[in-house]
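Since the structure comes first, as structure tokens, the remarks are kept for the end.
We call the chains A, B, C and D, going by the order they appear; numbering starts again at 1 in every chain.
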Amino acid sequence: MKEYAYYPGCSLEKMAVSYHLSAVETTGKLGIKLKELEDWSCCGATAYSGIDELLSHTLSARNLAIAEKTGLDFVAPCSACYKNMYFTAVHMRKDADLAEHINFALEEDNLHFSGNVTVRHLIEVYVNEVGLEEIKSKVTRPLEGVRVAPYYGCQIMRPRKDHEDVEQPQFFEELLAAIGAMPINYPLKMRCCGGSLIISSRTAALSMVRNLLQSAVDGQADVIATTCPMCQVNLECYQQQVNQEFGTNFSVPVLYFTQLIGLAFGITPKKLGMGKEFVALAPSLLAAGKANPAHSKP
Amino acid sequence: MEKIGVYVCHCGTNIAGVVNVEEVRDWTAKNLKDHGVVISRDYKFMCSSLGQELIEQDIKEQGLTRVVVAACSPHLHEATFRKACGRAGMNPYMCELVSIREQASWVHTDKVAATQKSKAILSGGVRRVEYHTALEPLKVSIHPDTMVVGGGIAGIQAALEIADAGFHVYLVEREPSIGGHMAQFDKTFPTLDCSACILTPKMVDVGSHPNITLLTWSEVTKVDGYVGNFTVTVKKKASYVNNDTCTGCGICWEKCPKKVVDNVYEAGMGIRKAIYRPFPQAVPKYPVMDVDTCIYFEKGTCKACEKFCPTEPNSINFEQKDEFLDIPVGNIILATGYDAFDPHRIPQYGYGRLPNVFTSLEFERLCNAAGPTGGNILLRDGKTAPKVVGIVHCVGSRDKNYNEGCSAICCMQSLKFAHLVHERTGAEVYNFYIDIRTPGKSYDEFYQRLLEEGTHFVRGKVAEISDAVRLPGEEGKLVIQVEDTLTGNQLRVPVDMAILSVGLEPRADAKEVAKLFGISCSANGWFTERHPKLDPVATMTDGIYIAGCVQGPKDIPASVAQGAATAARVLGKIQQKEIALEPVRASVLEEKCSGCRICNDLCPFNAILFHEDKMVSEINAALCQGCGTCVAACPAGAISGTGFSNEQVLAQIEGLLLLNISEDAVPA
Amino acid sequence: MSDKPKFAMYWAASCGGCEIAVLNIHEKILDVDANFDVVFWPVAMDAKYKDVEAMEDGSILLTLFNGGIRNDENAHIAKLLRRKSKLLVAFGSCANEGCIPGLANLSPVEDIVNTAFHTISTDNPNGIHPQISYKMPEGEIRIPTILPRLKTLDQVVDVDYYMPGCPPESHQIAAVIDLVVQVLQGKAELPPKGAVIGAGNSTVCDECQRKRNVKTINSFNRIFGQAIDPELCLLEQGIPCNGIATRSGCNARCPTAGAQCIGCYGPAEGVVDYGARLISGFASVINSKDPKEIDTILDGIPDPTGQFYRFNLAGSLLKAGAPAWKKNGG
Amino acid sequence: MTNNKPFEPVIIGFTCNWCSYRAADLAGTSRTKYAPNIRLLRLMCSGRLDPTFVFKALANGADGVMITGCHPGECHYLEQNYKALRRFQLMRRTLEGLGVDPRRVKLVWASAAEGAKFAQEVTSFVEEVRALGPLNWGAGENGRVAEYQSTPQEALA
């Protein structure tokens, strides 16, 4: 039973609770225990590091220090949290002065971060730690014929961490294939969904969302799979506003990749937090296992 | 006690500008008197004829037995001053040139420190020269035969020039036919001559030349010996075709059932058979059998080629074995060419994923009349002609992530492509470039012609080639995303076909080949020339020359010129019949050697041999390159080295540290 | 006073082994007595310094001087014997290159004296510290002062011949005695001044019977706790045997008995620094190109200074360790 | 007499004819300045470097020794710089045993094209040795440093 220091992040409390539920359900099936970090706090998301770098690093470092105490690898399902945590750890390891500053502040909570914590995104746990063979063996109801657009979003891969291929990664496609689904050729899979721009400059973000939806429709995708609550919101909840803005009538279901895995593992949609979607899921998708003819017309 | 003459050079102001030459001269006369210095002069230009005459006069009149010149680097004028001493009757190796220009005046600003350092350098030279011994250069005979490795245009030119001069050449080529990359091209820039038309006559000359032994489908596996006396082992791979009886009629590859994608000559665009001749004008004209794909070698069945072969006796021979030939040659010319950059390494350009993205070599095959589409420029489906074509320059070149250097030929090559597309399809053409580099004769005129033909030139490095449609009019097209740096706009240019003008890279096995021939190559793999400016076709290893793209990216005229240049150098060596090798050698004093065999494995040139009977080691002076590693390693001190003996080096160290020199001489 | 040529022997900083080695020539000692008038041999007879001072300069034909120059008495007698002797021979490793006493050059004089008089192995309850001079009712008595660094004989006086070995092999001593006798009888010529006598001019490998192959070293290890092949060269079994750089003459006594040579016969002919030869000989054939791997192999020689300079420190280029130089204005 | 000028270390530099000596030449032709404390000696190859030369330099007034050669894999004689590397590592351990700070002997690879790197390595090594202070290894036997005078007893001889 491999354990991880699980850092849900603010959105998985409320808005993205389905991501949390489906994550816990599917990891449970794969013999992984997500031990929630005790007394964790917000990571500053995309906005804060732009405002005050030192304080945003301190916010993340606090959670890293708590995780370091548990001695487990740190797992963040949301791409923004993952990026913040990963790079805070890297900067603190590299910059002794920064580490000293932050640790001085952490002493208030008698916490200390010395740097030896491995930070992982939730999808890495499935792909690298568990492995596709193990996942394939747990699939009871493969998503036959379901065409899925693998949407990486921009924050898992960038900034580049080591020597991974940031231009044309393939691991998401391989994961979807492992659960029986049909990953489509999705050229804009690495393009940004607009992130917090959806608030500060709506039309720009909406046009980015529109391109992502258009590309998914061009690839006859039945559903877009996401790995981050921010992308989920922008792609799913704003489809109506995209349609109003650009006169399109997109109605493309958007699900977390953990929800799709859950379906393939035969877990009931309810347990995966499904049913509260803005864009109605095609009934066939819920039943999983049967081809899904319905696409939305451009 | 030796009689030493010391000559301190001004080198105009190069030395005298920083080093107080007079002070050094007088200091030497005064303080190195008891080490044999009888004369200490200074002169404006020691390397000038007047400067040299100063030395010669002193040797004749004062009976000098040693000379030390303090001037520039020994790599520049050691030979000059040695010759001067030789003319005056002193053994040239009694002369030592120490550098107070590159090692003092040019690299230090503090004049006092530079002057004191020059004294120390000179003192080192004087103390060293006391232990110099008279040496005679090693005379070595030159074998008149030459080996050219690599049958591209550079290798062909070298081979023809030497053969025409009446000397024998072995031309070794890894592929079944000579011709190299040039044989794959359709046209050549800037004259738009058909590549085959200007190449094949030379290939035919090579094939029929009485002085050229052509060893195709062969590779060099081992190189022994040294300049004038190399023994090269060539592995002649079995072609399973008896070239004596085969007429090259072609029935065998017509009947052969096994089709294979030709990744070499056709750059993956066309197919060949298991038994094949790469292209119609191939020299030699005989086919070779590809063991990896031939059905007989796989399942033991078929043998169609043998059945249909009309010759008597049958030219197909499945029992043929690889042959290993040990070939004695005097000189070796390496002309092994380049590899084209594989654009798979730039995923965002979509090569291999998006069908209508082509490499330059693939496009050359498209244009070539003997190519897979008979010369018609068509999309990957082989049917539709492109209406809009985008040509991307500098793919994999001038890029920190791939190859930093400029590949010299891709601009002109891209312009040629643009012209061919205009001429053959009338399509719109976009060239995406960083800088248009057209340095050759009438190259830029060719560029002006392209402008007049209405080619669109966009100055910007292409960011991405994608099939993600965003704007109307992009359906079914490849969209080239690029920033036009001259207007500052982001452009999305929809095209039907994209041609990646890939850069030139060193051969994948360049490092191993360099090691095989005992020469050095740069970090990325281009072979290192003896001097980048003044000696680009020789290497640090005597007797081994390099020509063409193996030394770095260049166009055909430069490759041909270098091919001819190496031929001239080789012919020069052959005519000398024998040459003098630097007499820097090691030798074992037999009575001191205890046969401990520590040295036996230290010589990469296999110059150290061991006599089991006498239990002593011995050094073959001809093979020894004079590196001195065994001299330093011998625990019994039984190996001595000329030119850099222990006594000379230890004395030079004492000199540099100004030992046993009167008090006031100690630098401040 | 007989007209036989005079013979003298003296021992400076040494262990006395060289004296015993002379006795080891068994009955040949009678030849010495027959051909020489032994005038000065502190270990064997009661001649006094003033007796030697009374002799005419150059009157002693042959003096075998063993031991390093440790204190100023050694230096004084070395100079005295130099003046009095025609042929002064540096006899044995101490006189030639400092040998074991020379290893004191790794530490400053104060530490040596302190270790000698004030550490656990010395019973010195009142902590008496030796004084150079001490006033007694009968007068002032003095003891020699220790030189800052032990010197070899030829670092103090001019030496005619060098006879290495710790101790020199008895058959070599006998051979030298025979040679001098024959020179006296005009039957042989003396070798050129400064020559090494009583030894070979190659290295121990020349006389070693073990089989020698091409050398590549994959590891250095200690000789015990490992099955030693009696036939094969020890170095090829990873044992750091100094035989490759040590002068021949001892008939490879130690390697033949299965022990690694530790270099008591000193450097080969014409070698400037013994240790450097071994460092270069061993390192050059280490079978690795990776610095980390090379380091692990070199960990097999935990004490390089001891391995390479056990006998030759005082006679090496560096002559002593940094501490010895530092303390005395060095 | 202790002059108040800063300690100027004397460094002996061993170069190999094909790479590091040509790097020094290139530093010259491109007028790249570096500290004058180093005095270069040209060998045919770094493989020619005998530990005797290093001990000779240290014992006779040098405060530091820099050994330079071609980068591993680029040796003109193919692989002789690896022997220089092995000797260097064993020599440093022996020097350490003799109380010489191993940082006084440094091994630097520089190809014929790395004039600037060679100059920079020299200047930084000079500063490292300056920080270590003079080695003053008895300044050799020819008595430049006053021999430790023992008692008048000596006068007796």
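Methods note: a residue touches a chain if its C-beta (ideal position, glycine included) is under 8 Å from a C-beta of that chain, and two chains touch if they have at least 3 such contacts.
Only a predicted model underlies this, so the values are computations on that prediction, with no experimental measurement involved.
**Student:** Find the chain most remote from chain A, comparing centres computed as mean CA coordinates.
**Tutor:** When every chain centre is compared against chain A, the largest gap points to C.
**Student:** So which has more C-beta pairs touching, C-D or A-B?
**Tutor:** Pair with the higher count of C-beta contacts: C-D.
**Student:** Counting in whole Å, what is the centre-to-centre distance of chain A and chain C, each centre being its mean C-alpha position?
**Tutor:** Whole-Å distance between the two chain centres: 78.
**Student:** Rounded to the nearest whole Å, what is the centre-to-centre distance of chain A and chain B, using the mean of the C-alpha atoms as each centre?
**Tutor:** Using C-alpha averages as centres, the distance is 52 Å.
**Student:** Report, in whole Å, the distance between the mean C-alpha point of chain C and the mean C-alpha point of chain D.
**Tutor:** 31
**Student:** Based only on mean CA positions, could you tell me how far chain B sits from chain D in angstrom?
**Tutor:** Each chain's C-alpha centroid was found; their separation is 34 Å.
**Student:** Indicate the residues of chain B shared as contacts by at least two other chains.
**Tutor:** 602, 629, 632-633, 646, 650
**Student:** Can you list every residue of chain C that touches 2 or more other chains, as numbers and ranges?
**Tutor:** Within chain C, the residues that touch at least two other chains are 272, 277, 280, 284.
**Student:** Sort out which chains touch which and give me every pair.
**Tutor:** Per the contact definition above, the touching pairs are A-B, B-C, B-D, C-D.
**Student:** Note which residues of chain B are touching chain A in the complex, please.
**Tutor:** These residues of chain B touch chain A: 346-348, 353, 466-470.
**Student:** Which stretch or stretches of chain C touch chain D in the complex?
**Tutor:** 72-73, 75-76, 79-80, 106, 132-133, 142, 144-145, 147-148, 155, 272-273, 275-277, 279-280, 282-284, 286, 288-289, 291, 294-295, 298, 301, 303-306, 308-309, 316-323, 325-326, 328-330
**Student:** List the residues on chain B that touch chain D in their complex, please.
**Tutor:** Those in contact with chain D are residues 73-75, 99, 101-104, 106-110, 113-114, 116-117, 120-121, 124, 511, 515, 518, 520, 540-541, 584, 602, 604-605, 625-629, 631-633, 641, 643-644, 646, 649-650, 652-654, 656-660, 668.
**Student:** Using the touch definition from the top, list the residues of chain D that touch chain C in their complex.
**Tutor:** Touching chain C from chain D are residues 50-52, 54-56, 58-59, 72, 79, 82-83, 85-87, 89-91, 93-94, 97-100, 136-138, 141, 145-146, 148, 150-151, 153-154, 156-157.
**Student:** Which positions of chain B touch chain C when the two form their complex?
**Tutor:** 591-598, 600-602, 610, 615, 629, 632-638, 646, 650
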